[in-house]
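Next come two complexes built around chain A: one with chain B, the other with chain C.
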Partner chain A sequence: MSTSLIYFWACAATAVLGGLSVVVAKNPIRGAMGLLMLIVSVAGLFLPLHAQFLAAIQLIVYAGAIVVLFLFVIMLLGPSASTPVDRRGTFVRAASGGLFALAGGAFWVILARAVGTGGPAAPDPSFGGIDAVGSVLFTDALVPFELSSGLLMVAVVGAVAVARGRQGKRSMSESELEVARTSVPLPDPADKGTGVFSHEIDDRDAGGHAR
Partner chain B sequence: MIPLEYYVALSALLFVIGGVGFLVRRNALVALMSIEVMLNAANLALVAFNRWRFEHVDARAYAGQDHTGQVFAFFVIAAEAAEVAVGLAIVLSLYRLRRTVRTDEADLLKN
Partner chain C sequence: MSIALALSPLLAVGLGALLLMLVEAIGTKAGPVPGTFRDVRGLAVGAASTLFAGGAFAGCVWMYGVERIPGAASLAPWLILDPFTLFFDVLLCLGGAIAALLAGGYMPEHGLERGEFYALILFTTFGAMVLAAAGDALTLFLGLETMSIGAYAMTAFRRASARSAEGALKYFLLGSFAAAILLYGFALLYGATGHTDLAGIGSAARQAAGRSPLFILGAAFVLVGIVFKVSAVPFHAWTPDAYEGAPTPATAYMAVAVKAGAFAMLLRVLTLSLGSPAWTSWASGWPPVMATLALLTMTYANLVAGRQESVKRMLAYSSIAHAGYVLVGVTAMMRDPKQAVAGVLYYLVAYGVSTGGAFGALILCGSRGREAVSYEDIAGLGKRNPAVALAFSLFLVSLAGIPPMAGFFGKWLVFRAAIDAGLYKLTALAFLNSVVGAYYYLRVLVYMYMREPAAGAVTAAPMRSGFVVTALVVSAVLVLALGLTPTSYIDAAMSAAGVGASG
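Showing the complex of A and B:
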């Protein structure tokens, strides 16, 4: 067994374990950690495929932003983030079992086909690097690239609008209305004041000139 | 060299794990995470096919510099970041409304 094959199987095993723990974990925090495991091992799988740039993006965007966002929301919700045991009907269980059987069959058929097939030769060393992918992004894929920036902007604005709820337009409660209605009393001209506040001093000066 | 089929098989397995999680779990957060698993599987397949495609199909066009699959995976990551932001905002507002994150209690549009 060659080194690259051992590396592949190690990454594949951690990826499947991570994916399973996302689905199985009762505590969503553990699910998020499983997702992190999956993401890191998929980034590891990108490396032998000569996708160094995508591996870095995967770590930065998924592990750095998306998983952290999940953790923020889980911690914001507190204990209510984890729901009691999910019980589904027999149909969904049968469908799940059928899906797994289908995938298992496909897995073995594909692996049996794979025996003896060789991969392509090593590509240009710059293949998959940031300059190669970047030049594609700014030439062939320029329009979708710019559109995706618009998508992200709309998503951020929409997320803020949805998550804030109605707080922006919230009407004032009764006590706040009472406070708002009660106007601050104007200083009494006859009151000489305590000499502490500036408007008292101004009033006294003005009064002195008039006299 | 690892055969392409290994990557495709792993990708299929991960996709099924994510799909079953999305079907079986009622926690909205776990459902969102299962979508992440499925999209990661799709990305893995895209990148693997890209690695083979440049050798077998399109060597003449780009002289070994065809990054279509990788660029596609890049856009999948961007779209997914947007999806997670909006999805988590919806989960938060559902929690504010119903004090729950169970998807089967999100029946505001029913009847």
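Showing the complex of A and C:
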């Protein structure tokens, strides 16, 4: 077993362990630490693929910024952030775990058969350097680079829209709506002709204009 | 400059979205009472006219002939600018404009008047237009995510409602999972072929690489990711909850534009990447998979839709069922791609205007605190408010596929393409399904015209809004025009399909 293979397996095993601990951990801090482990080992996997720049970015952005942000949020939320143990659906969970293992096994077999059937040649050592990535980003891949700004913009606007929704003083909660709906009785069918409904609508409209 | 002309639909919507955000930030006046929301009705006009302008630009480029614009091909393979793209641009802008107009009426009525919604509609449409034009896995993924994230945020827009939050969370988690599967699939395809552009993957698929296990696995993952967005059974679980929880204009938008964008992606991948003879044959390719998905989707959605007590949820299942009918047309691409793609394109337009109108009519049926949700809510609406009931009936009849409405010709074209492809059993089952589907559409009509609300029961009070009425008029005119004079629209779909199929 060559050194590079040992390195690969070490990184891959750490990544899988980290991923598992994110899913399994009851304590959110442990989960965040598992995520950190996953991110660092995936950054390690990028290195033998000549993607040094990507590995550095992965460490700076994900490990440095995003996991720290997660930790801040968890600390702000405090101990109430952890959910009580839920024992419902143990069978479903076991079954889904079994199915997942089965699918993973099948996937493994297929991939193992696919090994050695070609694929792209190993990249040039300068492939993932800063200058190589930069020149591709601003020449060949300019269109997707510009389009990604649209993606970031919609993510920001969406986050603001969802976060601001809580402050809506005028928006009714579901239960309030239920109350409102059930507390407005239908006018007696007998006096349908007297225009009770249109009267109500006019009232509402007037109120709407007043505000 | 000529590239700007070719990209004008995309630029109009993208720049319009940025402008709208500026206007929202500095232009709108604060409400008369401190702490209340601003009056953002003007933003609805702005969003709708931006989208109509985007659609008009696409129409103008179409008339001029996009092949005649020098430099339009220079963006390939990132963005493919051809009649197929322009056709989808018009459809997506139309769907977005209808949703923006509906929001202009619905949002103030239900106390949700926040300007972000219109910016989200514009950005989501921008993403869907990128998706329709994408000729490379990278741009395809960027477009898909832009579209999806906007749709997640729109679903969660009514944060105070637990149902909205639940639907949005399900949609977000499952959607992210599906996007990850799609991305993994493209990574495997890249491993098998060394290409990320769809046409390059397609040309490699014609050689030995197309039958390697890696390629098959990658193609399967990509298709799973795409049919999730299309919401075909068994990848539909998010649809009813997300559609029911979302504010109704967002539901209309998802049912029209997001679905159309997802089908654009499916058609592109199937024609460009998986269009080789081996992959389009029944014995060794995707047609049996698509046929099974179509059958499952139609049958399951139609059976479940008939059992719903909520009209909105029924319309959500109906949108799943229509995805099944479209998948019948997608399966028919195995024999004669041009005719089948034309059928699918026409169907998407016909379905889009009908379902957009149906959700719009549902909005018009209810007012604040008295939203129309269940069948009982709209009982006797034909007498209380004949105009709303008439509009609702028009769209439902079109969705049911009864002539002379748009939906009829959509089904006719798709089924004819399927028969020409030799899919007799599938067509027969699809026809049976549309008969079953007519049951629950007509059930709404029965409630509106033949039932009276129970004494003392709460019914929905119809609202009044010029915005919603405008959206309904636009949809109704298109439903009738597509149904009564289908020839020119079919010709347009044919010329869009020709280029889309040959790539």
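The definition used in the following text is that the second predicted complex is superposed on the first by the 115 of 211 C-alpha atoms of A that agree within 3 Å, B and C clash if a C-alpha of one lies under 4 Å from a C-alpha of the other, contacts with A are read in each partner's own complex, and residues count from 1 in each chain.
Quick note on the criterion: contacts are C-beta pairs under 8 Å (C-beta built on N, C-alpha and C of every residue); 3 or more make two chains touch, one makes a residue touch a chain.
Everything numeric in this text was worked out from a predicted model, so none of it was measured.
By the touch criterion stated above, A:162 is placed in contact with chain B and with chain C alike. By the touch criterion defined above, A:150 reaches chain C but does not reach chain B.
With both structures placed on the common chain, the touch criterion links A:45 to chain B but leaves chain C unconnected.
When the shared chain is aligned, no partner comes close enough to touch A:37: not chain B, not chain C. Using the contact criterion defined above for the overlaid structures, shared-chain residue A:141 touches chain B and also reaches chain C. Judged by the touch definition given at the top, the superposed model places A:110 against both chain B and chain C.
For chain A, the partner touching the most residues, choosing from chain B and chain C, is B. Note: residues 107, 110-111, 113-114, 117-120, 141, 144, 148, 151, 154-155, 158-160, 162, 165 of chain A belong to the chain B contact set and to the chain C contact set alike, using the contact criterion stated above. Against chain A, the residues of chain B that register as touching in their complex are 1-10, 12-21, 23-27, 29-30, 32-34, 36-37, 40, 43-44, 47-48, 50-52, 54-56, 64-65, 67-68, 70-71, 73-75, 77-86, 88-93, 95-96, 99-102.
The touching residues of chain A, when paired with chain B in their complex, are 4-5, 8, 12, 15-16, 19-20, 22-23, 25, 28, 31-32, 35, 38-39, 42, 45-46, 48-51, 53-54, 57-58, 61-62, 65-66, 69-70, 73-74, 76-77, 80-83, 86, 88, 92-93, 95-96, 99-100, 102-103, 106-107, 110-111, 113-114, 117-121, 123-124, 126-128, 132-133, 136-137, 140-141, 144-145, 148, 151-152, 154-156, 158-160, 162-163, 165.
Residue ranges on chain C touching chain A, taken from their complex, read 14, 17-18, 21, 31-33, 35-37, 75, 78-79, 108, 110-112, 114, 116-117, 119-120, 123-124, 126-127, 130, 136, 138-139, 142-143, 145-146, 149-150, 152-154, 156-163, 168, 190-192, 194, 209, 212-214, 217, 367-371, 384, 452-453, 455-459, 461-464. Residues 107, 110-111, 113-114, 117-120, 141, 143-144, 147-148, 150-151, 153-155, 157-162, 164-166, 168-174, 177, 180-182, 184-186, 188-189, 192, 197, 200-201, 204-205, 208, 211 of chain A are the ones touching chain C in the complex.
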